[in-house]
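Read through the structures below before going on.
Two complexes, one shared chain (chain A), two partners (chain B, chain C).
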Partner chain A sequence: MYYSIIRRLGTQPKLATIPKRKWKSVLGLEVHAQIASVSKLFSGSGTSFGAPLNSSVAYFDASIPGTLPVLNRKCVESGIKTALALGCRVNEVSMFDRKHYFYADLPNGYQITQQRAALANDGIMSFPVITPGKKVYYKSVKLLQLQLEQDSGKSLHDEQLKRSLVDLNRAGLPLMELVFAPDLETGEEAASLVKELMLILRRLQTCSCKMEEGALRVDANISIHQEGEPLGVRTEVKNIGSVRSISQAITYEINRQLETVANGGLITNETRSWDAENRRTVAMRDKEVLQDYRFMPEPNLPPLHVNLKPGSKSTEDLLSVAALSEEIPELPEDTRQRLMEQYNLNADTSIILVNEPVLLDHFLSISRSLSQLPNKVIYNFLINDLLTYCNKLNLDVEDCSIKADDLRDILSCLHSEQINIQAARQLIELQQQNPAAKVSELIEINNLQQICNPEAIEELCRQAIANQAKAAQQYQKGKAKALFAIVGEVAKLSKQKANMKMVVECLENQLKSAKK
Partner chain B sequence: MRRHLQWSIKQLTANYAEGQCSPRRVTEQALEDALKLKTLNAFIRLTPEQALQQAQESEGRYQNKKPFGSLDGVTIAVKDNFCTQDVHTTCASRMLQDFVPPYDATVCSRLKQSGAVLLGKTNMDQFAMGAGTVDSLYGPTKNIWSEDLDQDHWRIAGGSSGGSASAVAAGLCYAAIGSDTGGSTRNPASYCGVVGLKPTYGLVSRHGLIPLVNSMDVPGIFARSVSDCLEVLNAVAGPDRLDSTTIRQPYTKLHLPEVDKIDLSSVRIGIPKEYHCQGLSSEVLETWSKVADLLECAGASVRQVSLPNTAASIFVYSILNQCEVASNMARYDGIEYGHRASDERSTEQLYALSRAEGFNEVVKTRILTGNFLLLRRNYDHYFEKALRVRRLIAEDFAKVFQSSPSDDRVDILLTPTTLTEAPLYKDFASLTNRDQCAVQDFCTQPANMAGIPAVSIPIRLSRTGLPLSLQLMSNSLNEQLLLSVASWIEAQVGFDSLEHKQECRSKA
Partner chain C sequence: MWRRLSKRFYCKIATKATEKAPKLDFKQLTHPTKVPQTPVDTAFPDTNSASHIEIDTKTIQLLERLSLVDLDSERALATLKSSIQFADKIAHIDTDHVRPLYTVLEQQQLQLRNDQVTEGDCRRQVLRNARVTDEDYYVSPPGNIPLEQ
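Right after this comes the complex of A and B.
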């Protein structure tokens, strides 16, 4: 995307001048995904989020002298599965390195990571880019490296007591660091990449992807340059806490850089933090000094060998990549293709369903149990009604308590014309409020049955024509659209319960005969 | 002289079983002797309560005719860089002066499982950085063979495991655990006239050994005989899931053949010419060629071999050592444990002062140098290059041990351990730590580069009445042959580790 104009966010000051030349933005992501595991990467302590402070700390995690790292096999398996799902080349031999820096929450004074020979390299990820109001397109980005490493602890600063406290529960948690090539251009592309990555990791069950718990962390390297010129100086934005923040933070940072340059300033290579509250990036003071991490091979861990032979099996000493590849489930893009082929869904619909795993589950389960129902009715209801309802409440579809069975019952009643679409929408709300109730009960209690009795319909229509006499006359004079007003009147009179198909037929008949 | 000290570990435990003597009595005597010989400064800390408790339990087991293992009731001392649960482990440093580990090193837990009585923690150079046991927070350890222990004419015990060597030589325990990174077990064994074994890297777990150079550190064993050494090795060796660098294959206990059944006719001995180096004393050289003759006369084939990269070893060792030290010492920041300075103005200030106060000059110099060598701009030129030369040194050994045609290879290398007898403290202390190590480790540290096993055995006394020792090396995991040849030599030379003049003193 070319930035011929500068896009402004609400919180930004107005720009003095707008550069006339074309600027390009370039961004690359580094993602730290916490591997879903029972124990830490190199020690036996637990990994549960929110455990009491310093309660999941093995001697090794606290760097007690003499303790040694022992590699967690499950974490390696997860790393390999993730690498395979992202099209990486898994390396037959990878190695661990020490990365040195002093920080109170890094007890060893170094982090064990994989710098020289990572677990896997050279992957590729294709994903749909969803920009509100624009056409969906696919983007491909190279995954340069996937490496295993340990997390650091957490420092807590008590400003009043002027004390720093350290919680080592996070110290040593297993991470996969995924380094993507700077192949992206916009915040939306970045957000879409992360969204797809989360779908994949959740399918693999290798990461919970709960950004709010820090289980998935995204750092963005951002630079701008003029077309045809070398890449500009980059800044790194950290502390991006949600998928939504990704595109906001990056868009903000691109604009900040453009503005800086427009005002004659220079971009400096610095680390900036995303301030979600004020929606801006701010320079991080303690990251100013350029570090030399003095990398060194980790002497306490032998090189990690894996078996690359096709058809091999894992042994106690050697994991088989081929065996692990058989454990990889259907990936999101495969599901999209399957939805299009098997269910005749169009691309956009299949993208929406796959991107909301709950909707996808609902769709597949309802479509299985209500085979007589057209797929279109199901996904329209899910996307247009359920998703819209959730969005209105600012509710994650995942947090919506309505079960697939209830949705099936609602759709079933809709299909049998027991209720109409308005009642169905109402039922979504009622069901969310009374998760334990049965759909049939809710229909009964709230009197939501569709009015299908011909006599009742005729009576409602007569009444409506009387109330909308003017519209009736216009219709009879040939203004077909006027019928809508009368139909609307019937809906109002029947409290949205009349069978609209019957109403339209009935109105047409009544008005025709009245004309005669 | 305690009569039982002349016994081997096997004889001691046999006597326990027969009720001829008791673990409790032997332990009490050992603790008494240790106090009498306090001037040696072999121990940083004795643990009489634990030791007597363990001895008591051992006694009960013998009474029930159910001893734990081959070390039940055997008194053993442990170097103060092995973690011992609830017992201070200081590395002879101010940094860890008050450090009480919450766990036992695998070596210690295995010793306990075989019933050993742990007497206490022995002196060493700070964080094992030294070759003399002169750089300890608790003062230097003296060599029991010194002509005079009281004046400034005393001899160093060697290092860095000088306390352990000294304790075994003085008869304060039957065996002791040391560590060996560049010769820290074999060097003091050589000066103190005891057997010092550095097993194959990965044969004995390093879990709980506070590291100096992880890729070279090996727990070492001191004893007054090769067979006693083997008893201890059999108790502590074998895979440990807490140390990923231990050799995975299960350890089978080794047994030495009877000395008169050792057939040397099939053994090929190599004399590496590079070990005939500058500074080698004529007495050591003489000892070396005498033992070579002895072996040849007994039917072994003895021939000169070449390990061309030997001279480079000392530089490679120096670089790798300092780099790993810089890294390993990074954890000592005063936050979780260890010395914490009182300056809490900022985290950086706290680190800086804690480390400045907690480490001695030797440690600080190595940390600074190591960090310099690891800088991005220096890494390839120093660390990476040192790793390459290290591989060459290892290949030198591989070539002599397994080269083809097969008649070209040797099974055992015979070399000096140290270049001289134990130096006088005043002479040794006048050298820098760097020179101390460079000279004293010349013959010992190549084995650490290659990870191969090596043993130092005392051969005879010098004209000044000090022990002179030789070193044997073999291919990795060939401890069986290494120790068999060592025990054959031991039987021929008949060196008595307890025959020092100080014996009269301790009796007085």
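Right after this comes the complex of A and C.
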């Protein structure tokens, strides 16, 4: 209302002048996850990433007349397991349909998908939303549908020669399409949803989730509207290549829509592509009218039946949902609960550990082999020291070459007061640079042992007091804080190697006796 | 057992065949033919003589793009119109409360395949179908690309 008055007056409203609070963004995600399988969905050609051009192509994938689809059992199993993990209702009968469109990398002129009756519907997913600088909260999103479908081939666009180069290795790869309800509001929520989904799919081993290989692709439908009014026209953002760019792309698109509306423009129903390099969305050359996919039942595939009876077993052509449900491992949210109950971790710590599977593995293995060590010491070291070190190097914890055994050795040296925390931090760095070296060797070579010899400590303290005479006087006059300056001096003198607990005791003794 | 029976049966037919085979009495069969012998009232409204079908140019353009069929000529357009007229009958049939039948194999279980690599590695053969190729790629006209590129 307020905004339309401004427009009528003919002034140019800037983004800052619109009451942004009144605008709400709504977004829904569609995720295509490539099912981890050896062969394709309907043909017996291979699925390995990076295979030579057009080599993993069966006659069926190239749409040679006379070929027929035969459904891959493993793909159905993976689809059902994923559906069960996400709380879906698996349908007793599901059907395949043809979705038609003309495109060079779709040799059939149609994609086999599930439109009338999908494999599963009506799931729900809860996940922690992590926004930098804000409190973690849980969000629930409905999963409307989970369907099996084929992937298309891959096109490379040759701009100079005005042509496309097509590789059909990807044509016919098995995908699960997960359609989520538009229950999200921010880019961070979307990124957190995808992060949790990846954790679940990896646990189930139904998808590699390697976004860089295109094994998990996210399309976001985004619209804005004013509170109390119907939803606005939505745009679809494709080509989001990493978890990090999910929130960037969505935040950009929400702001672009707000700005467009603020400048008196209209949002059109269009497909936009995320340009990661320039961090913006770009309109794609696309259909001007709503595309008519002319869905029709796939005549070459009878309906897919599954056995819903409890306690049933799978047979050659009839899969049992009950039998598959027994194969589902512990899911991330269960692990968080277990960490909180069994190891006494707080919610935030368990979320961080579960979200970084490598840290979780380290934590569990160290905690098992060093049971005398308090859990707090272990997770603090993993999160505050190892994770911080990796973040500083912009390194993925998964690519960090330090083994759990090395970390355990560092922690056990730390616990037995052989080394102090500074030395432990240094060891992380040294271990990363020399993955083959033993922790004990590194301590030896780099002379990192903690100084625990009482005489050496006393000598260091005497020197420090002499160097910081003023602070010593202040401390003796009752200013307790002045001790920090002297402790710092000892640390400097000993090159961070003195046992600080002993130093503090020794200093207190020396200063007290000097006072007397 | 069965073989012996059928052998005997075969012999019987063989000996009979030398005689004149009696004509089949169609009137005795419950369903002598699948084609109705008398006209059946379909209750279809006669759409052939119904109002003339008009298609606006925008729809024609859309259909041309979807089907990749050129509808520019008089004859093509006339064919399209008569096709619509013919198919229009179906729209008037009452299908309320009737579950659609998609395939006669509805009760059959879909055959499943084990997840094994059994095909592929036939690049030379599949690429032979393409008119233009380049370094093991199929070559096609440019496709859907960002506008500002």
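In this text, the second predicted complex is superposed on the first by the 490 of 516 C-alpha atoms of A that agree within 3 Å, B and C clash if a C-alpha of one lies under 4 Å from a C-alpha of the other, contacts with A are read in each partner's own complex, and residues count from 1 in each chain.
In this text, a residue touches a chain if its C-beta (ideal position, glycine included) is under 8 Å from a C-beta of that chain, and two chains touch if they have at least 3 such contacts.
Every value quoted in this text rests on a predicted model; they were computed, and no experiment measured them.
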Request  = Kindly say whether there is room for both chain B and chain C on chain A in the superposition, answering fit or clash.
outcome  = clash
Message = Let me test your reading of the model: by the given contact rule, A:Phe295 touches which partner, first (chain B), second (chain C), both or neither?
response = first
Ask   = Which partner does A:Asn54 contact after superposing on A: first (chain B), second (chain C), both, neither?
value = second
Ask   = Of the partners chain B and chain C, which touch A:Val166 in the superposed model: first, second, both, neither?
value = both
Task = Could you say whether A:Arg98 touches chain B, chain C, both of them, or neither, answering first, second, both or neither?
result = first
Message = Quick check for you: in the superposed arrangement, does A:Asn108 touch first (chain B), second (chain C), both or neither?
response = first
Query = Residues of chain A touched: more by chain B or chain C?
reply = C
Task = Would you sort A:Leu68 into first (chain B), second (chain C), both or neither based on which partner it touches?
result = first
Task = Figure out whether A:Val233 sits in contact with chain B (first) or chain C (second), or with both, or with neither.
result = neither
Task = Please write out, lowest number first, the residues of chain A touched by both chain B and chain C across the two complexes.
result = 59, 62, 64, 70-71, 100, 102, 104, 164, 166, 292, 294, 299, 301-302, 317
Task = Within their complex, state which residues of chain B touch chain A.
result = 82-83, 89, 91, 96, 99, 101-103, 105, 206-211, 213-215, 241-245, 248, 323-324, 326-327, 329-331, 333, 335-337, 347-348, 351, 371, 374-376, 379, 383
Ask   = Given the complex with chain C, which residues does chain A contribute to the contact?
value = 37-39, 43-46, 52-60, 62, 64, 70-76, 95, 100, 102-105, 155-159, 162-168, 273, 275, 282-286, 289, 292, 294, 297, 299, 301-305, 316-319
Task = Spell out the residues on chain A that touch chain B in their complex, using ranges where they run on.
result = 59, 62-71, 98, 100, 102, 104, 107-110, 164, 166, 292, 294-296, 299-302, 317
Task = Quick one: which bits of chain C touch chain A in the complex? Just the residue numbers, please.
result = 62, 66, 68, 102-103, 105-106, 108-123, 125-127, 129, 134-149
